[in-house]
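Both of the next two complexes hold chain A, though its partner changes from chain B to chain C.
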Partner chain A sequence: MAEFKPAGSMYEWFDQRLGIDKFVKVMMTEYWIPKNINFLWAMGVLLTVMFTLLVVSGIFLLMYYKPDINMAFDSVNYTIMQEVAYGWLFRHIHAVGASVVFLIIYIHMFTGIYYGSYKKGREMIWISGMLLFMLFSAEGFSGYMLPWGQMSYWAAYVITEIFGGIPLIGGDLVVWIRGNFYVADATLTRFFMLHVLLIPLAILGAIVFHFYSLRFPHVNNEAGEFFDFDEEAEKYLAGDKKNSKVVPFWPVFLSKDFFVLGFFLLFFFYLVFFHYSFAMDPINFDKADGLKTPAHIYPEWYFLWSYEVLRGWFFEIAGISGKSLGLIAFGFANAIFLVMPWLDRSPMVKPANQRPYFKYWFWLMIADLMVLTEFGKLPPTGPNAWVGFGASLTFLVLFIALPFITKAEAKKVGGK
Partner chain B sequence: MKEFKILAVIMALVGITYYGIEPYAHSVMHPEVAPADFTFKDAKNVDTTLAGNVENGKTLVEANCIACHAIEKAGHPAIMPNADAAASYGVVPPDLSQAGRIYDKNYLANFIFDPVTAMHLEHKYPVGGAKAFPMPSYNWMTPQEIMDVVAYLQSVTPKVAEGKEANKATFEAACGRCHSMAYAKFDATTPKDAIKTYMGATPPDLSQYIKSRGEHYLHSFINDPQVLLKGTSMPRVGLSEKAQEEVIAYMEEIGDSKKAEREATGLYVMIYTFIFAILAYLWKRKIWSEVH
Partner chain C sequence: MMMDESRRGFIGKAFGAVAAVGGVASLIAMKKTWDPLPSVMSAGFTTVDVSGLEANKLEIAVWRGKPIFILKYTEDMKPTDGRSVKVGDHYYSVMVGLCTHLGCIPGYENDRKMFKCACHGGEYSADGRQTFGPPPRPLDIPPFKIDGVTLVLGEEGPEYKAMMAKAGGA
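On to the complex of A and B.
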């Protein structure tokens, strides 16, 4: 250890021991971000803020919530909502936040797909991001169940039931996940543990990893342009700010993010205070009743697309039952985004609108996901069932076709 | 500008998706029903334009009603405790003190004439069926006599202060014999086991019904339960429009007690956030003017 001189100020004392100056440079003022970005690049910061809001509001809820099937419902709807000072505020921030965080995750994710930010060199950013998406899904699902409302109970019932379709071990696996033969107190207690401890820990780890994975390949930009970050950074530090293609994370990049954040929070708080019901299924204000099935069972909106892929297969094909086909399609849908970097075989890093074939693929996929989401909530009867089947099939076909489309595109562009 | 174009595209996509999964899906799963009818047009056995005679009504009520019903406010206390009354009749007969205030006049008159038809419970108590409704029809009375009874019941109704007091009184008189309101620490006056046997299932606790069913649904449902829940044991109670609004207001007071605080706080938070957003925009402009 080097010899320490007496510090002239408190700042210096800490700087000698913790390297504050260096830390701030590496993390903030000399962490370079391309200048050529639009507000879609602010989604990462929005997600960080949302995650923080969810953790803080969650901690307050945790102080009064009771993970017991006889007390859970009233602890949320009476104790927290009506007796605890501003308990309703934390509950609404948490519930609305849980829904809105998925909206932002989807925007973040499709921004990545649109601009090709998952491509060569940035695979780990994409994979860690998809890992975060899966963890958030597990977190959302486990948390949705905790207030022990009627829809959350039955959604939990249906979703845990899915694992029963896995060959050989299915039946035992369902019992193991539930901790009982049906969704019961044991299920609630373990989902509580998952929601407040295990999954948040994993999310924190994955967030750190996601940030780290950005450091070497750097953030993509609006034009998909490759340039030398070191060279551009030197220009910036030498004072040629206007010609440099990069800006530091602090204060330049963040100033834009704060501005986007401000308007986002306006939208968010509007929902929290005046339109929270969109994120709270009215059926969940009935206490869970294992003897009374709701007329329609559907998950929260952010799972509707994959739910529809699951149930879209309502008839047997080539001797395989609709249920098994649905399960296979569901597994495919949830895993396929993870391998996007290898499905897209065109080396071109460009926004979708500059890619001759991919642009059609991208908008078709978005349209298909919207159809799946909307029909995922409607009763699967009559024409709805066929639309659901068509959209599920389209989803599979789109992803199976992607390597061929992008290969053809690479050839076309390369031939120019 | 390009960023506005991107924002517009995102807003359009989110808006279309939202429309599909919220208002549209709701309209498919909960089709619109006939609007609430507070004139009770289908009940027309009694000519309710006749002016009632309170004195004669008093005589009729004392001869016909108080053997079963209490009218606490007119000096007729209940003749037996709730548990015994429930054992005898299946359900505690209502105290009629509030009847003149909370029930629609037309409904009340037709109820006395023929309770089962007025309540839309013909499916539960068919003519000549095994079970009979505990209260007999008074269709042997002349319309004038029935209107005298109605006039008497209206005359004994206690004065209740508008607002919270009225909301609570109406809820307890109209719903409280069968339904509990746990979050108001209120238990149904008919004992649990008795009401379960009488109705076929325990009537739900209504603490969160303002949220789980919503004002719009309650508005149609309370007026005529059969419209939304065909075959339900819940009778058409026959509340006047005002009484029904009081019931719904009470359900909101109990089930969503922080509504006023939420809306007031919401406004301040929105103003604060708006100022933050403006300042953030100005700061961003200043910072980015150096790099562009």
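On to the complex of A and C.
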């Protein structure tokens, strides 16, 4: 053990034992962030704050929630909403937060795509980010089921039923996942465990990994410019702050983030206090009934696009049933973003508007996702079914075409 | 020296083998912990007395948490081979009342003698064959046994086996 001199202050005492000085340097004051990034780069901090809010509000809900099919509905709608002082506040923060967190994730994700931040050395950031997206999806879905309302029940029913589409083992797998032949108490208690323990743990791990993977290639910037972070950092430390292209994470960069965060939180609490109902489906205020289906089942808004890809295929093609086609397309839609770094074959890291072909692809994809989201909520009958089919097909075609488009673009721009 | 290396290698491999066995064993235990409980498995029987049912009026029983459609045929409804069953003097349809598309519960329209699933417009005939819309296959038939005038759901009787044999052949 190193020899410890008597500490002159409490700070020094801790510093000797925990290396606080060093830690603060590495994590904050000498963690370098490019200067030219806009408010879209604040989404990471927003997400960290949102996740914290969700954990804290979740802890308070956890004290009164009862994971039992006979008590769950009342523990939420009576105990938490009526009896617990400020129980409604924690429920609304949690419900609105779960919805808004997806809004921010999508902005974060499409910012990454727009600026090419998944390319050239940043693949691991992208992959860990997509992993986080999947974990958040599982977290959102498992939590949606807990209030044991009609929509919760049938969402759980339909989603678990999806596994039945897997050849051979499907039927048994569904029973295994549910722990019963239908969505029952066993299903509720295991989803409760997933929602409050296992998935949050995995999310925490993935967040740490996501931040870690960011340290090597560093944060991308608005121009997609490449520069030497060490050199720029030296300039900054030498006092040439004006010419240096980087600023320290704390306090300079975070002050800008806090500004965005301030606006965001105003918006968030405006929703929590005045428009919380958008995050709560009216059907979910009927208690779950396994023998009565709601006329029309749909998920929360953030899953609508992939839900529409799932059910957009309503007729059989080449002897494959519409149901299987939907399942295949659904699997594709959920996995394809993961391989973005390899689908984009153009080496150029530039914002989409400076890329001759990619810009069209990007906005088409966004438009298609919007159409899918819109029609995912509508009953899939008549012309709706055809729009849904068209948009689902467009989605697949866009991603299959991406390597070719970007290859052609690379040729056009760089000749390599 | 050589001796030491191989000894170390052996210990490493032995440890790896023990760990692998332990790992597989715990995976099996974890999988089984998630299996439905024995009480769930044994609660899988429901009996329904069908003699008192009214013709062309849908009766819904519950078996394993699922709605089971039991429809008694009127005199002029034709029984279908492989999908209708005779109990006593009458023919019946016995089916799991969950749309084979996405699992909604179809409703019975007795004037048109057919099932309609409101979710995405799927339609089925009175014996459960899909006639329109997205459902990929007829309504499923739950395992049943006929015992006099009662239907035992959850047990595979000879009539059920005969039906399944037909479905398999088709």
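Here, the second predicted complex is superposed on the first by the 414 of 416 C-alpha atoms of A that agree within 3 Å, B and C clash if a C-alpha of one lies under 4 Å from a C-alpha of the other, contacts with A are read in each partner's own complex, and residues count from 1 in each chain.
Here is the rule we use: a residue touches a chain if its C-beta (ideal position, glycine included) is under 8 Å from a C-beta of that chain, and two chains touch if they have at least 3 such contacts.
What you see is a predicted model; the values in this text were computed from it and never measured.
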{"item": "Partner chain(s) touched by A:158 [first = chain B, second = chain C, both, neither]", "value": "second"}
{"item": "Partner chain in contact with A:296 - chain B first, chain C second, else both or neither", "value": "both"}
{"item": "Which superposed partner A:380 touches (first chain B, second chain C, both, neither)", "value": "second"}
{"item": "Partner contacting more residues of chain A (chain B vs chain C)", "value": "B"}
{"item": "First (chain B), second (chain C), both or neither touched by A:217", "value": "neither"}
{"item": "Touching partner for A:321 - first (chain B), second (chain C), both, neither", "value": "second"}
{"item": "First, second, both or neither for A:331, with chain B first and chain C second", "value": "neither"}
{"item": "Which of chain B and chain C A:370 touches, first, second, both or neither", "value": "first"}
{"item": "Which superposed partner A:38 touches (first chain B, second chain C, both, neither)", "value": "first"}
{"item": "Contacts of A:184 with chain B and chain C, given as first, second, both or neither", "value": "second"}
{"item": "Chain A positions touched by chain B in one structure and by chain C in the second", "value": "295-296, 379"}
{"item": "Chain C - residues contacting chain A, complex", "value": "31, 34-37, 40, 44, 60, 62, 64-67, 101-105, 118-121, 133-134, 136-137"}
{"item": "Residue ranges of chain B touching chain A (in the complex, touch as defined)", "value": "2-3, 6-7, 10, 13-14, 16-18, 20-22, 24-25, 28-29, 182-183, 204, 207-209, 211-214, 257-258, 261-263, 265-267, 269-270, 273-274, 276-281, 283-284, 287-288, 290-292"}
{"item": "Residue ranges of chain A in contact with chain C within the complex", "value": "157-158, 161, 175-184, 186, 190, 290-293, 295-297, 311, 314-316, 321-324, 379-381, 385"}
{"item": "Complex contacts: residues of chain A adjacent to chain B", "value": "35, 38-40, 74, 77-78, 81-82, 88-89, 92, 103, 107, 241-242, 244, 247, 251-252, 255-256, 258-259, 261-263, 265-266, 269-270, 272-274, 278, 280, 282-286, 295-296, 301, 304, 366, 370, 373-374, 376-379"}
